[in-house]
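Naming follows writing order (A, B, C and D), and every chain is counted from residue 1.
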Amino acid sequence: MADTATSFKPLSRNGMAARVAIDIPDGWYVNLGIGVPTLVADHVPADREVVVHSENGLLGMGPAPTPDNADPWIINAGKQMVTMRTGASLVHHADSFAMIRGGHLDLCVLGAYEVAENGDIANWATSENDSAPAVGGAMDLAVGAKNLWVMMEHVTKDGRPRLVERCSYPLTAKAAVKRVYTNLAVIDITPFGFVVRDMVAGLTFDELQARTDAKLAQSN
Amino acid sequence: MADTATSFKPLSRNGMAARVAIDIPDGWYVNLGIGVPTLVADHVPADREVVVHSENGLLGMGPAPTPDNADPWIINAGKQMVTMRTGASLVHHADSFAMIRGGHLDLCVLGAYEVAENGDIANWATSENDSAPAVGGAMDLAVGAKNLWVMMEHVTKDGRPRLVERCSYPLTAKAAVKRVYTNLAVIDITPFGFVVRDMVAGLTFDELQARTDAKLAQSN
Amino acid sequence: MINKTVQTMAEAMNGISDGAVVLVGGFGLVGQPNALIDGLIEQGAGNLTAVANNAGNSPDSGLGRLIALGRVAKMICSFPRGSPAFEERYRAGTIALEIVPQGTLAERMRAAGAGVPAFFTATAAGTKLAAGKEQREIDGRTYILESALHGDVALVEAWRADRWGNLTYRSTGRNFNPVMAMAGKLTIVQSQHMAELGEIDPEVIVTPGLFVDRVIHVPYGDPPREP
Amino acid sequence: MINKTVQTMAEAMNGISDGAVVLVGGFGLVGQPNALIDGLIEQGAGNLTAVANNAGNSPDSGLGRLIALGRVAKMICSFPRGSPAFEERYRAGTIALEIVPQGTLAERMRAAGAGVPAFFTATAAGTKLAAGKEQREIDGRTYILESALHGDVALVEAWRADRWGNLTYRSTGRNFNPVMAMAGKLTIVQSQHMAELGEIDPEVIVTPGLFVDRVIHVPYGDPPREP
């Protein structure tokens, strides 16, 4: 389904990141998954202190370094060089995952292949993938954080919906996702399924529903 | 049974401590229980480095302070002021007991009320005791250390044997003790029961057996 | 901006309810959050379950005082001896007692902080403290199942703290404090010293601020000296 | 006198057997004990089970090289992508793979070091990684039982070490290293710097020497920079 004939403009990756960032309250402890979610850190409003956790034992991650302050000993879970913010702390992997698994993070933002209307998330393996399966810390993050938000394109490159009645790919966690940010909309997962919270300008509810496998409800 | 008519001299508490200390190899990590076992540290031969662990998170405990270097922030598991040796490290309680429970200590020396010939130890509660039962770290130490040695008087004040066929007091741990140091003898716990390894000068095997509930064997 | 420091003990104690499970740091007289306990006494919550290594010492201070005032309905600890207030109430049957081996106590709270609801341990297997607990042979050894021990509140004593709640401890004042900080739903800290954010080296922070909810500056000096 | 420092890589590697379970510290290119792996390659042990977060990176160094040389029969890790040597052997069916979620991997080794033979966790419950695992509802949530993961050998990279084996790490070079140091029966450390005993503040030692068996001084400098 081509979006070019319609009058709305899907969000860019940075647009999605900015949309997520404005919903993160001051003072939250947040883990941003590898890939697009990492961009969220750059969009947190300047008047909020949001503490970013990286699974490899860094709490209080800062932005990418400039050439002047690059330190190859300081990397994030995506194995990119980063910086430490004032107030940061370092722990080992078991303590770092105690933060995650013990329910101490307010929020984790993950990418996903699919999210189901019951909150199931599939983000680590696809049936097409013949290389070795790789889960990393996604299963820990999905069950551990107080809030799990997903960031993803609303449909796949070939137009298949990613918001589904039931995940077709192997699950990362069951009934874990609370909210999904796509390039078209913000959708809550509720006991009654998907509830649309926000849409890009110019997009109609019916157009969004047409791009979604499961039934959507409108927020009041 | 009075020992005064015989020709041997029971060891003093410091004599027992010295007897234990000469059996501790260079380089061992050792936890010394509250009470008499604490005295062992003072008798380790000067040419050996034995690292003493205290449950409250101090590895590398040194002797009691002089008035000049007393620091009320440095105490041992018996809540006495101690010192830190060069090379000491500090950890929290869960990490400290990970050292114990994870099998990283070479030796723990505990006091006891009774030790049975199968290695059972009773050292935390007696039936006469009507105050609140108090176990502290004894159960962790008894199951965790690679070697558990017990230091105790050979008989009670009223002459009842403490080395028994079967403990009458509530157990601290089952089949845990490897060796017992008393004021009369050193006795190994083996698959065949108690085996006498050493006795104080002038004491005969029969005299020792007469003061012991379970059957003793002689070491070859 | 994150600022966990509070100026008054009333703010520090806000919201603690009757019946709360309260974790109390410290071992011996070292690292005891006695100012926070005084605050809790003032605040008024009762029918508490207190979790600590000991059941207090003197009835005139700290946990001993909380017990003497009849605020503690149940004590969970490893070593309740040496606390006249506890012993009196225990003999009178007016306080309940759950004895937990010291290492199991620490591990149960670490488990609570780390999202482990239950774990097997060899400690206490085959003893009367294993009564009623699930038992299992694993690789030829007997273990019992112990459950996570969460606190509604954790009272912690630290040496230095900053406004994010990053903490260090002093010497053996560390003891149960970092473990309880992890296990408390509401973790309240009294700190001897306050540091500017960034003053504490990231490498030496023992309790990262995410485990901490409130910090109050209580520069009381040294603990009393035990014999 | 305790002196865990060894002068030669041959001494450091002495006694590692074919079939050993080898824990390999590091995350990304940071904190990787690559010199020890070179020593292990030289030493000759094969048919190894390697435990690490990744299955190596380049086939020319570290764990990737050990795999490329056919020494690893089984890989236990959370994220094997990005290792050509591993992927080639995995597709060819000449290396076994056990995928473990990263946090479960860390916790299983921490459990091994702490004497916990098995523990419940919510991670992976209801997923295909829970297949064959005991499952239990506790307080309305589903958990699976995971077991301790011991190493016959742990290979660790540290920043500073003394002759007792007390260790510190640098920045995110800490990662799995302290956890693996606890979980290894034989823990071997390569350290960038050697300190005199007592030079490292007791408050900032991350791995106390009792977890460490051997230390070799390998001042290699900074890790390579990833993009």
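What we mean here is this: a residue touches a chain if its C-beta (ideal position, glycine included) is under 8 Å from a C-beta of that chain, and two chains touch if they have at least 3 such contacts.
Quantities reported herein were computed from a predicted structural model and do not represent experimental measurements.
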Both-way neighbours, i.e. chains that touch chain D and touch chain B: C
Which of A-C and B-C has more C-beta pairs touching across its chains: B-C
Distance from chain D to chain C - Cα centre to Cα centre, in angstrom: 33
For chain A paired with chain C, centre-to-centre distance based on mean C-alpha positions, whole Å: 36
Mean-CA-position distance for chain C and chain B (Å): 29
Chain A and chain B: spacing of chain centres that average the CA atoms, whole Å: 56
Shared-contact residues (touching 2 or more other chains) in chain C: 107, 110, 114-116, 121-122, 171, 203
Set of chain A residues in contact with two or more other chains: 84, 90-91, 94, 97, 100-101, 144
Every chain pair in contact, whichever chains are involved: A-C, A-D, B-C, B-D, C-D
Chain C contact footprint on chain D (complex, rising order): 107, 111, 114-122, 138-139, 141, 143, 147, 168, 171, 203-204
Parts of chain C lying in touch with chain B, wherever the complex brings them together: 27-30, 53, 55, 78-81, 86-87, 90-91, 97, 99-104, 106-107, 109-110, 121-129, 142, 169-179, 206, 222-227
Chain C to chain A touching residues, read off their complex: 1-2, 110, 112-116, 162, 164, 166, 182, 197-198, 202-203, 205, 208-211
Sites on chain A touched by chain C in the complex: 26-27, 29, 49, 51, 53, 59-60, 84, 86-91, 94, 97-105, 144
Residues of chain B defined as touching chain C within the complex: 54-58, 70-75, 79-81, 84, 90-94, 96-97, 100-101, 130-140, 143-144, 170-174
